Amino acid sequence: MKMVKSTLAILTTAAVLGVSGFAHAGATLDAVKKKGFVQCGISDGLPGFSYAEAGGKYAGLDVDVCRAVAAAVFGDAEKVRYSPLTAKERFTALQSGEIDILSRNTTWTSSRDAGMGMNFIGVTYYDGVGFLVNKKLGVSSAKELDGATICIQAGTTTELNVSDYFRSNGMKYTPITYDRSDESAKSLEAGRCDVLTSDQSQLYAQRIKLANPDDYVVLPEVISKEPLGPAVRRGDDEWFAIAKWSLFAMIGAEELGVTSANVEEMAKNAKNPDVARLLGAEGNFGNDLKLPKDWAVKIVKQVGNYGEVFERNVGMGSALKIKRGLNAQWNNGGILYAPPVR
Amino acid sequence: MSTHTFKPDLPPPNRSIGAWAWMRANLFSSVFNTLLTLLALYLVWLLVPPMIKWAFLDATFRGTERSDCTPGGACWVFIKMRFGQFMYGFYPPELRWRVDLTLLLAIVGTVPLFIKAMPRKAIYGIAFLIIYPVVAWVLLHGGVLGLDAVPTSRWGGLTLTLVIASVGIAGALPLGIFLALGRRSEMPAVRVLCVTFIEFWRGIPLITVLFMSSVMLPLFLPEGMSFDKLLRALIGVILFQSAYIAEVVRGGLQAIPKGQYEAASAMGLGYWRAMGLVILPQALKLVIPGIVNTFIALFKDTSLVIIIGLFDLLNSLHQATVDPVWLGMSTEGYVFGALIYWAFCFGMSQYSQRLERRLDTSHRS
Amino acid sequence: MSKSIGTSGSLINDPRARAWAFQILAIVVVAALGWYLFNNTQTNLEHRGITSGFAFLEHSAGFGVSQSLIDYNESDSYGRLFLVGLANTLLVSILGIILATVLGFVIGIARLSPNWLVRKLSAIYIETFRNIPPLLQIFFWYFAVLRLVPGPRQSLSFFDALFLNNRGLYVPAPVSADGIVPFLVAVVLAVVASIILARWVKVRRDKTGRGFPLLLTSIVLLIALPGLAALIFGAPFHWTVPELKGFNFQGGWVVIPELFALLVALSVYTAAFIAETVRSGIQSVSHGQTEAANSLGLKPSRTLRMVIIPQSMRVIIPPLTSQYLNLTKNSSLAAGIGYPDMVSLFAGTVLNQTGQAIETIAITMSVYLVISLSISLLMNVYNKRMALRER
């Protein structure tokens, strides 16, 4: 009898534990506020996007997105903790709730959006797959790469796109896939492969990591669409909206000419109603997002607008020296476009 | 009566003493042997002089930059400049004394266990096993007693390797003992459960276990509940290693004569007391070498955490070799890493062999 | 009342009842834990809209693989890709087992050689390689040695047929020609003849004690018969020699550097353990056996081959199989250098492309489980047979 009782007790405990796992919409914001920081999943080292600086502090475009979210929620961009993730771990880490936002140069695709339990909040960088080759090979176009050996990072959309490209052009290639981008670069340098393929932005980042960057050239072809963006877990629309609008605030601020230098000034006496609404001088749109009124001011003040972030991390002001291209504002030759605040 | 005095012994013939005789007996005893010797000498000649030349004669020891190194020889400057990272990973440099102190405490704390005359060794050992992990955690992780918190994602290098190996063995040992007892149990259900558990973990490679703990385990847990990445890896390592420990301990249990079991129950001891007071103390003493060997295997296996992106010693080396400033230093890096791993493993295996010999003789006498 | 206390007391004190209760409790706890985990997983998958099930095995994979033993192209399914990975795992395991066994036996026997220098060298080999993590050895062979090999255009060439460069070792590949059928028939005939001969030699030796140069005869047979067939019916193969075309060599067979590094590292590492196994196996044969063999006038090489090794095999084989299992499991370290074995291809890339962690890892684990359980089963059968024969 005693046994039966204790068995029952154990069963009940297990059942209660099992049931207590359910979450409700809005859980992420509450949990984030409670623990006092945003847990942000980033890459395991990609210059310009997310990498550890000499002092162990993280920086980069992807990192700044997380900082913007923290600025919106806490009014303090430093309230972020980072989890460097391998390509393999990134989806499970988000699905399981280990991280609150995944900002790890991840391509937005239908299967990831629909089948992997995540929601992409927007596009932080419009990219496409390109090729990095040694100048010694004398190749000037990707069409000349028939029979080449190609280093690719395993489990990326690049792997699929390269295969599509070569098949549709009737060319052959040998893929060598590594788990980490560092190894691909090392292999390219050792001559194990002729070509390194990846998103073009990454190629520039990889190139500056090589011993003699000038020996290598990025081919002109871009063979695919790779819209890179951060993602949040599915099933929490409130958090989804906060993350989404943190990004839109950065993009919108650039369009409206709001910068980290003039944002406080503009918030006080905004003449443009668009600016006034964004910065909370008119109406209270932060309220809908369950954020303070000056959420966008904090973002722009502490992190900067999209243009500033771009220039600082990957643009001409950085070692990568990438042109704005597609990533310019829609009214400036690019396709960046933030929905209006109203 | 005259006493008979022996003549002094003649010295052995010249052919059977001295270097020459030794060489005849050990190196040139037959044509085949002579050939073997020559072949071996040739091999040594082929390998050793270039190695010495590379590692010492042509090597660069002084300097701070890559340009200080001469081509052709090893560039130990690279190791010197990265030494801190190899030992501590990303642990903040100003807090590294905490790691040193933790290690020092471990060494000081374990010394009494090796002193033969130490009284109450068992009590001291158990107390150490309970208190030390707490102290180590406080020192390494901090966050209490005014120590700055250092999140586990910043732990790395040899420190992390040692943490994984020691936590792994400390966790696997008790679990393994229970599994071994379960496997030898007379209750069929318990036996089947234990055998299944052991054979499952022994049948799969550690990599898949680490993959599982890093990408699958979070899906098993209720929403919102998540462990630290290092802790997840540790859980995987402990479960994996406990199966191997269980098999080692089972060997020890089987070696205890049946009379001991019978004597224990004749004394009126119940199962747990018989095991705890009579059987296990004898069995565990027998399998210490086996446990040390398992620990060596575990120590080498910790290098696999590179696959799930933890920065142990091997990963720190690997990261350093892809640094553009030091590109092309792979050989130096791997040789240095190999030396460290080798020193630890060789030391432990020598200890285990010595122990084996000692236990062996005591058993026969 | 006292009666009821008595019964309940005796029930608690009754070892059999307690054993039953304990077992039921154990099963219930394990089942509850399993159900708890299963339930969590189910909830998590549903709640977050993660696809589950094995339908993905039918989907087209859409990416290439650097080495495939079976026909594979990008439009094939994930299921086929799984087979590619499995074949690559088996390839490296089988080649590794062969190499490690040969190397291990040579070094294990050398460890007991009367020659001091040979003995010391093999001891150094064993102590060096078994105390360095296999993954580090793989990295060393891959990243440190790869740098020393030239690129395709500066390949080292041997007789203009073998080429070595940092893309791998290129060897000519045989392509079947007209004479292939008679040639194969001749090979089979030679093998069968050798086996029959071996039986006959054994029977004769058991009866009369007379020896026969079996090895030599078999080799002659194996060369002569197929050679004769080739002379009469024409060459069985012609060779496609690798040629430098564009970026790489085309044609012939290639051993990719990843395979090479993995194979060398695994064989060298495992051979150190096998050597120790062989040494202790040989030492387990009592010295009297050697003396008896000597006094019968057997030569040392024969003593080793016909007396010592057959007896030591009983001791050697169980640990040897566990070394083979270890090597197979260690082949999963391929993930570190991008050799497309089952773990890196299936539990790595496919997991990442489909996001179905549970399914891919479960499949991978079960393959290893099947391999190791079946080998354990064979081992148990072998042990039983050996135990019966013991005198």
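A, B and C are the chain letters, set down in written order, and residue numbers restart from 1 in every chain.
In the analysis below, a contact is a pair of C-beta atoms (placed from the backbone, for glycine too) under 8 Å apart; a residue touches a chain by one contact, two chains touch by 3 or more.
Listed by chain with UniProt protein names: A = Amino acid ABC transporter substrate-binding protein; B, C = Amino acid ABC transporter permease.
Given the structure is predicted, the values throughout are model-derived calculations rather than measurements.
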Greatest Cα-centre separation from chain B belongs to chain A
The pair out of A-B and A-C sharing more C-beta contacts is A-C
Starting from the mean Cα coordinates of chain B and chain C, work out the distance between those two points in Å.
25
Rounded Å distance between chain A and chain B, as computed from the means of their C-alpha atoms
40
With chain centres taken as the means of their Cα atoms, state the distance from chain A to chain C in Å.
42
Would you give the residues of chain A that are in contact with at least 2 other chains, written as numbers and ranges?
17-18, 21-23, 88, 92, 95-96, 179, 183, 186
Touching two or more other chains in chain B are residues 211, 215-216, 219, 221-223, 307, 321, 328
Two or more partner chains touched - positions in chain C
24, 40, 43-45, 47, 143, 147, 335-336, 351, 357
Given the complex with chain B, which residues does chain A contribute to the contact?
17-18, 20-23, 27, 31, 44, 52, 56, 81-86, 88-89, 92-93, 95-98, 179, 182-183, 185-186, 189, 208-211
Using the touch definition up top, name the residues of chain B that touch chain A in the complex.
90, 92, 151, 153-154, 211, 214-216, 218-219, 221-226, 229, 307-309, 319, 321-322, 324, 327-328
Which residues of chain C touch chain B in their complex?
19, 22-24, 26-27, 30, 37, 40-41, 43-45, 47, 113-118, 121, 127-128, 130-137, 139-140, 143-144, 147, 329-330, 332-333, 335-336, 343, 347, 351, 357-358, 361, 364-365, 368-369, 371-373, 376
Per the touch rule above, chain B residues touching chain C in the complex are 26-27, 29, 33, 36-37, 40-41, 43-44, 186-190, 193, 199-200, 202-208, 211-212, 215-216, 219-223, 296, 300-304, 306-307, 314, 318, 321, 328, 330-331, 334-335, 337-338, 341-342, 345-346, 349
Contact set on chain A toward chain C in their complex
1-3, 6-7, 10-11, 14, 17-18, 21-23, 87-88, 91-92, 95-96, 111-112, 114-118, 137, 145-149, 154-156, 159-160, 162-164, 167, 173-179, 183, 186, 190-192, 194, 233-235
